[in-house]
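Structures follow.
First subunit A sits with subunit B, and in the next complex the same chain sits with subunit C.
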Partner chain A sequence: MDSLTWLGALAPFFGPAFGIGAAALGLALVVQFIAGVFAPHHKPQTRDDGTLRQRADIFGRLDRLPGLIFAGLVALMLAFAGISLVVGHESGGIMGGMIQRFLPVWIALIATFGLSIRFKRRLGLYGKLFDSTIGMIGFGLVMFWVFTALFVGLFDLIGTHDPLAQVSGLKNAPPGVPVPADEAAFPTYLLGGDNLARDIFSRMVEGSVVVMMIAPLATLFAFMVGITLGLPAGYYGGTLDTVLSFAANLILAFPVILLFYLLVTPEIIATGLPTFMAMVLFVFPLVFLGVLIHARFRNRAGQSRAILALVLGPLVLLYLSVVNQAGTPVDFWPLDFFDIPGGILVVFVAVVFVNSPTVFRIVRGLTLDIKTRDYVAAAQTRGERPWYIMLWEILPNARGPLIVDFCLRIGYTTILLGTLGFFGLGLPPESPDWGSTINEGRKLLMIYAHPALPPALALLSLVLGLNLMADGLREESLKD
Partner chain B sequence: MGVFILRRAGVMLLTALCLTFIVFWLTNLQPNLEKLAKTQGNMRMTDAQVASWLDERGYNRNVLVKYGEWLGVLPGHVSTGRDGETRARCADGGAVTAETATFCGVLQGDWGYSTVFRDEVARILGERGWQTAKLMFFVMLVMVPGALVIGVLAGMNEGSRTDRSLSTVSILSTATPEYVSGVVFIAVFATAAFNMQWFKGTATSAMDNITFENFTLPVLTVALYGMGYIARMTRAAMTEVMTAQYIRTARLKGVGFRSIVLRHALRNALIAPFTVIMLQFPWLLNGVVIVETLFNYKGFGWTLVQAAGNNDIELLLGVSVVSVFVVLATQLISDIGYVFLNPRIRMS
Partner chain C sequence: MTNQPILEIDRLSISFFTRLREIPAVMDFSARVMPGEALGLVGESGCGKSTVALGVMQDLGTNGRIVGGAIRFKGRDLGQMDPDELRAIRGREIAMIYQEPMASLNPAMRIGRQLMEVPMIHEGVSRAEARARALDVVADVKLPDPERILRAYPHQLSGGQQQRIVIAMALMSKPSLLILDEPTTALDVTVEAAVVDLVKDLGKKYGTSMLFISHNLGLVLETCDRICVMYSGEAVERGSIGDVFDRMRHPYTQALFRSIPLPGADKTTRPLVAIPGNFPLPHERPPGCNFGPRCDYFEAGRCDAGPVHMAPVPGDDRHESRCLRFGEIDWDAPPVAAQSTRETEPGKVVLKMDALKKYYEVAANALFGGGEKRVVKANETLSFEAREGETLAIVGESGCGKSTFAKVLMGLETATEGDILLDNTSIGATPIQDRDTRTVADIQMVFQNPFDTLNPSMTVGRQITRALEVFGIGRTDPERREKMRALLDLVKLPREFADRMPRQLSGGQKQRVGIARAFAGGARIVVADEPVSALDVSVQAAVTDLLMEIQREEKTTLLFISHDLSIVRYLSDRVMVMYLGHVVELGTTEQVFSPPYHPYTEALLSAVPIADTQVQKQHIVLEGDIPSAMDPPSGCPFQTRCHWKNRAGKSLCESEVPPVRTLADGHQVKCHLSEADFAAMEPVIKIAAE
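Let's look at the complex of A and B:
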């Protein structure tokens, strides 16, 4: 069997079509940009029915040109994707094969978008995301990887081969190389083989699981820590604020990579330091939830205790099982349900530790601003307790900037995870996460460029999606 | 103003002390010391040999005492080992003579001795720092004007097509970490894969002789990540200025758009980016570490990786002191500069 080409049997038509389309779009964008800088200022005019009149001069036409070409290009891509979904890699080439492998993701994406756009008026801030093109593109990119991680992690769908299986003879093989028939069910390595003759495509989609498992959760934990410490620091001020701010600035003054090298080495892991840090950092979500519930239901003691027991009981058990790791210095709890596999806990702790001071500073700043508002003064006059005011008056009113920052910070956490992988810290070397695979690939980058590119572009697209989504959210939330 | 700078300097000193102590403590944890003994002595040493190796060199003492020695407030360690040889901290691995100083710490200007490079830490930091300074200079040269131009162009006409396309470009650049853009740049412009072999994929030769060919990719890689962020800040400042009262007045007076942007808006719009550029230094330091590793450019960041990977305690401390100093000094400069640039703010 021959190697696959990028577009397969569809290449004679789609190859030139894509080329011309992309070149035309690039040219149109450049022309439009240059014209935009020199164009005379244009005042939009409304028609009688209230809609905007289109700009009629040459600049108006130049303005609309890239949009038209882009629409054409999208139509072309959709046609290619539609054909590929049917024919797959056999005549759609590498691209066709990949599009077909992602079939469950496409279905899930279409369903999500369809439902969300249909009901967007009833979905609050999430629904507003679908009013902005940038926001939708970002959301699409993010959900693409979320669904990929779900389908790969839960149902083992998209990947074509075992991400750790090696097929002899396919070391550093180029994209589209055929796999010997008896070796595996799928006949090609779509994106080629890596340095150890493993399938790059399968490793890339498998890597999304690692990222999706760690990044959002670590960001959430960093937010819990930052909020639990930042609210009182901003609200009370004084010594507490001075001490906490000094500590936060201390951590922020460390170059991140130095901190990683100090915290995430096998020697430090042997001392149990990361596990102790996990013990401290993982308490914060419990404290946060406990105080949150107690502040709300303080006046109804029985109900408060019931809800607290209901929520905190399982969480404490979970906390103890997470923190307690057999074979480390922290091994005291008999009811240990599970151990977190090698390196993940350490990486998680390091990322939370690096992120929380920034969140702390943001929350502190927002609290300083919001605590001067009238509704806080009203609550104080009503005799509400400080923690009630912080968690149920100030925090909800700070949610806008915090949600936007949460999106951005997941992206930043993804970058940090990649950095760890890039320096070979934390996760085991055979781990398929994107940072580690980039690190593997870069060693032979000058000879074989193809193994490093797919994980790099995957990471880029996810972070880009998160940033675009944050931008869309910010714009839409400012419109109110 | 004087009191403010003094207080900031005090906080800086305290921060630097805390940070170096944390680094010192982490590098002096027992497993790290054992690793050091094995890499320096012999990989097949027994536990007893490791213990005596550490003993003879004074590693097995209270961490506070050792930290005091490194600082230069406590006399350096001198001991005679079981092999009869006298070793002193201040002799840097050489023979102990009458001239060997009693105190040898940072306060005396002695930054210690690197166990990996077998050289004075001060000299290594000087050499490597100079290499990185060259890199940083070119990065600034590309990044700052580029970011300011993008930001001003985008911000002078909020909501226009130019604004939207430039904003998307800056989002793209902030979403591309150095290890991604570096890998993509090398793959596209330095390998034969795309038929565009215009630059070199390594910058080792740039250490002696900077050329367009060997320095473009590393500089671009570092500059790109910071550029988007500064551009966005500039854009935000510019849009804010463009809605100010005095700009409207100028418009109503009939001043041309070009003149409004260049004469009236620009100066006030550049205050915020100045702070941001200064605060970007810590981030740039990260980028430098990644890029120097990726392009094999033996500068400060490369040294950090080597020192951390081999638990070279004194070199690592030197590296952290320098980087912490850079971070804190840029914070101070940004605060002071902000006051000078913005006459509305007065220090109390």
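Let's look at the complex of A and C:
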């Protein structure tokens, strides 16, 4: 069996079509730019019905040209994708094969977008995202990887091979290389093999699971810590603020990579430092939720206790299970349900530790602003307790900037995970996460570029998506 | 002087384009400003008056567009000019002064550089000449020590001085048209009076035409020759000041005048008449006359039939009205009096301030707490009593200590010295977390800014219910919900509002929710901190009346904090005037508003613009700005600005804080003036015989 080409049997038509389309688009953009320099000033004119009249002269036509070509190119891509979904890798080549493998993701994406756009007026800030093109593109990219991680992690779809299985003879094999028939169900390594003869495509989609598990959760924890400390610092001010801000600055001033190296050093792990840090950092979500509930139901003592017990009980058990690790200095709790692999715990702790000071500073700044509002004064004059004011009067009104920062920060965390993996810190060496795979691919980059590129592009598209989504959210939240 | 108008706006229509629809902001607006003439543009917020100004400047942003009509400046159509020509006109021929002075000045540039830029860019004059001109203009706007001002940065000047600099900058290249967009709204009353005075004088001196945009009819009366009243994007009436003020020919203008408290209005015998209903949203305007649904003279089938056009009022000079029926309406008929109510007799004393003092210590260096500490005396020996069912107005400008007083009363701060007695129980030293629920619920507050008073991310109903929960009212959720609905009824809001978010409410509705929240625990003392000053005139009357009505029913003691003396005269029983932490005058409304006055009260009364051509005011303009509470003057706090100072003996005023003197029963004044001087004072406001 022959190796697959990129476009397979569709190449004779689509290859030249894509090439010509891209060239025309580039040319049109250049011409438009040059014409824009010489174009005379134009005043927009309105029609009687209030809509804008388009510019009718040659410059108006030049303005519209790139858009038309781009639309054509997109239509071409959609046509290719449509055909590929049916014919798969057999006629669609590597691209066709990948598009077909991602079929569940496409279905989920179309369903999500369809429902969201249909009901966007009722969905608050999330719905507003669908008013902005940038936001929709970003959301699409993010959800692509979220769904990929879901289908790979839960149902074992999409991936073509076992990410750890090695097939002899396929070491550093180029993309589209056929797999010996008896070895596996899927006949090709779509994106080739890495230096241990594992399937790069499968490892890339498997890597998304690791990233999707750690990055949002670690960011969420960082936010809990930052919010729980930032609110009182901004609200009370004074010495508390000075001390906390100083500590935050201290952590921010510490070189991040050095900190990571310290945390993963076996000698440091042996002292139990990461577990102790986990103990401290993981207690914040409990404190946060506890105070949140108590502040809200203070006037109804019975109800307050019931809800507190209901929420905090399982969480405390979870917390103890997470913190308690056999073989570390923190080993006192008999009911330990599970252990988190040491590497992941360290990565988690490190990411939360370096992210929370920044969140702290944002929350503190927002609190300083919002606490001067009249509704905060109104709450004070009716005798509300400080934590109610912080969590129910101030925090909800700081949500706009915080949500935007949350999206951006998941992106940073993803890059940070990549950096950690790249340095070989934290996660086990065979882990398919994108950072580690890029690092492995780097070693032979001058000879074989293909093992490092797919995870790098995956990382890029996810972070780009998060940033675009944050941009869209910020833009839309300002419009309210 | 030629007869060509400086600015001629001809049937101008401006629309804003959003993703959903076109929103017409200004429709069929015409106006004409002759050389040396000042045109006042009056209307409520959202009526399109600022849009007109931006249209004149051709600065409507990306989604605003002129969709009809023309703006001619000295005969040339501004809409046809290209950006270069516009640049040459803006700032040189047409200058604009905005509301917020600090936002108009570049904080990173010295005043001198900013002023010199104007002639250097527009006329290409040399640095030296530009500087000489800047010095002249700064002297013209009556700022002391021009050399020092030119070297200063904007933040080193006070708000009043900043606004003077903005005016100076506008006048640097001697424009032929000056557009003032609410130029004094951000300033204190006495400072405002001085700035308005200055604008008037300079307009005369430079012969500049002015387009004066304001929501304050009194200000327009004082500054302008002609007036144009706008409602919902249209001009509804225009004419000379005298014609429009005395012989108005549009129902909206009439309703506007009836809803502002003029001297003579009184809460019991001649209550204000609020305009019913709400301002229509730009995309929900009614057919025909925009004011129709709120108009007393509305005639179905005629007023809502088709577009109404401006028609000249016969007999007057360029007086026009956009009303189909102005010929038929009896304009001299007295307003249908809203039922006048019985005056409530004040009951027993519920609140007593006993020589209350509040000092703050301010460390010179906040970060390390070192350095010398300075004491800010925010409240100095406050003593007064408030009775049940009484309205006590606290009057003063920014920095007078009225907000600090409110904080101490509410328990957010504790008194440094002295005490507050609520029903003879001392609460002055008890912070709010140590007060019992009953005390907290008894003393509640209504806040100033309607856009800030409600938590934007909680429904209206939830916010009121929370107050009920905190005050321990109602045992179960349904019970509290029922009570919350009753409170919405009390403030005359529909019950469906319970599930609305604050952003879906108008300013007046939000303020009503704020009032409902304050009365949730059956408050007996309500501190109203300028509750209507941020609202539109027509809404002010309704909210004020609501407050009065609830007070009458619940026998609430109302502490009404305000700087607006017109409204204070209208609704208060007793008035307390504060200046820099001192109570300078205290007495019944009648005593405070008639001579003898404290010199500060006298100046305040003179400063407040009154929208009545019958009123003649004594002209008293205070020099300078309010001193900082960080660095108060020695002796009498008012001595730096007092124009009676020489009468009482200069050294006495500068060295000793005057004693509190009782002039008549319950009328106290803190002043060194002699009995003879007090007796010689003349009333500031005189109503000319009709």
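Convention: the second predicted complex is superposed on the first by the 458 of 480 C-alpha atoms of A that agree within 3 Å, B and C clash if a C-alpha of one lies under 4 Å from a C-alpha of the other, contacts with A are read in each partner's own complex, and residues count from 1 in each chain.
The working rule: a contact is a pair of C-beta atoms (placed from the backbone, for glycine too) under 8 Å apart; a residue touches a chain by one contact, two chains touch by 3 or more.
Keep in mind that what you see is a predicted model, and the values were worked out from it rather than measured.
Engineer: Taking the superposition on A as described, I'd like to know which of subunit B and subunit C A:T242 touches: first, second, both or neither.
Structural biologist: second
Engineer: In the overlaid three-chain picture, which partner chain does A:M213 touch, first (subunit B) or second (subunit C), both, or neither?
Structural biologist: Neither partner.
Engineer: With the two complexes superposed on chain A, say which partner A:L76 touches: subunit B (first), subunit C (second), both, or neither.
Structural biologist: neither
Engineer: State whether subunit B or subunit C is in contact with more residues of subunit A in the superposed arrangement.
Structural biologist: Of subunit B and subunit C, more residues of subunit A lie in contact with B.
Engineer: On the A-aligned overlay, A:M279 touches which partner chain: subunit B = first, subunit C = second, or both, or neither?
Structural biologist: neither
Engineer: Does any part of subunit A touch subunit B in one structure and subunit C in the other, and if so which residues?
Structural biologist: 41
Engineer: In their complex, what parts of subunit C are in touch with subunit A?
Structural biologist: 15, 17, 19, 22, 65, 67, 82-83, 367, 410-412, 432-433, 435, 437, 440-441, 443-445, 447-449, 452-458, 467, 469-472, 503, 514, 517, 521
Engineer: Within their complex, state which residues of subunit A touch subunit B.
Structural biologist: Listed in rising order, the residues are 29, 32-33, 36-37, 41, 63, 134, 246, 249-250, 252-258, 261-263, 265, 267-268, 270-271, 273, 411, 415, 418-419, 422-423, 435, 438, 441-442, 445-447, 449-450, 452-453, 456-457, 459-460, 463-464, 466-468, 471.
Engineer: In the complex of these two chains, what residues of subunit B are touching subunit A?
Structural biologist: It is residues 11, 14-15, 18-19, 23, 26-27, 29-32, 34-35, 153, 157, 160-162, 165, 167-168, 171-172, 174-177, 179-180, 183-184, 186-187, 190-191, 193, 201-202, 257, 282, 285-286, 289-290, 293-294, 301, 304-305, 308-309, 311, 316, 319-320, 323-324, 327-328 of subunit B that touch subunit A.
Engineer: Quick one: in the complex, what on subunit A touches subunit C?
Structural biologist: Contacts found on subunit A: 41, 44, 46, 50, 52, 131, 242, 299-300, 373-375, 377-385, 392-393, 396-397, 399, 480.
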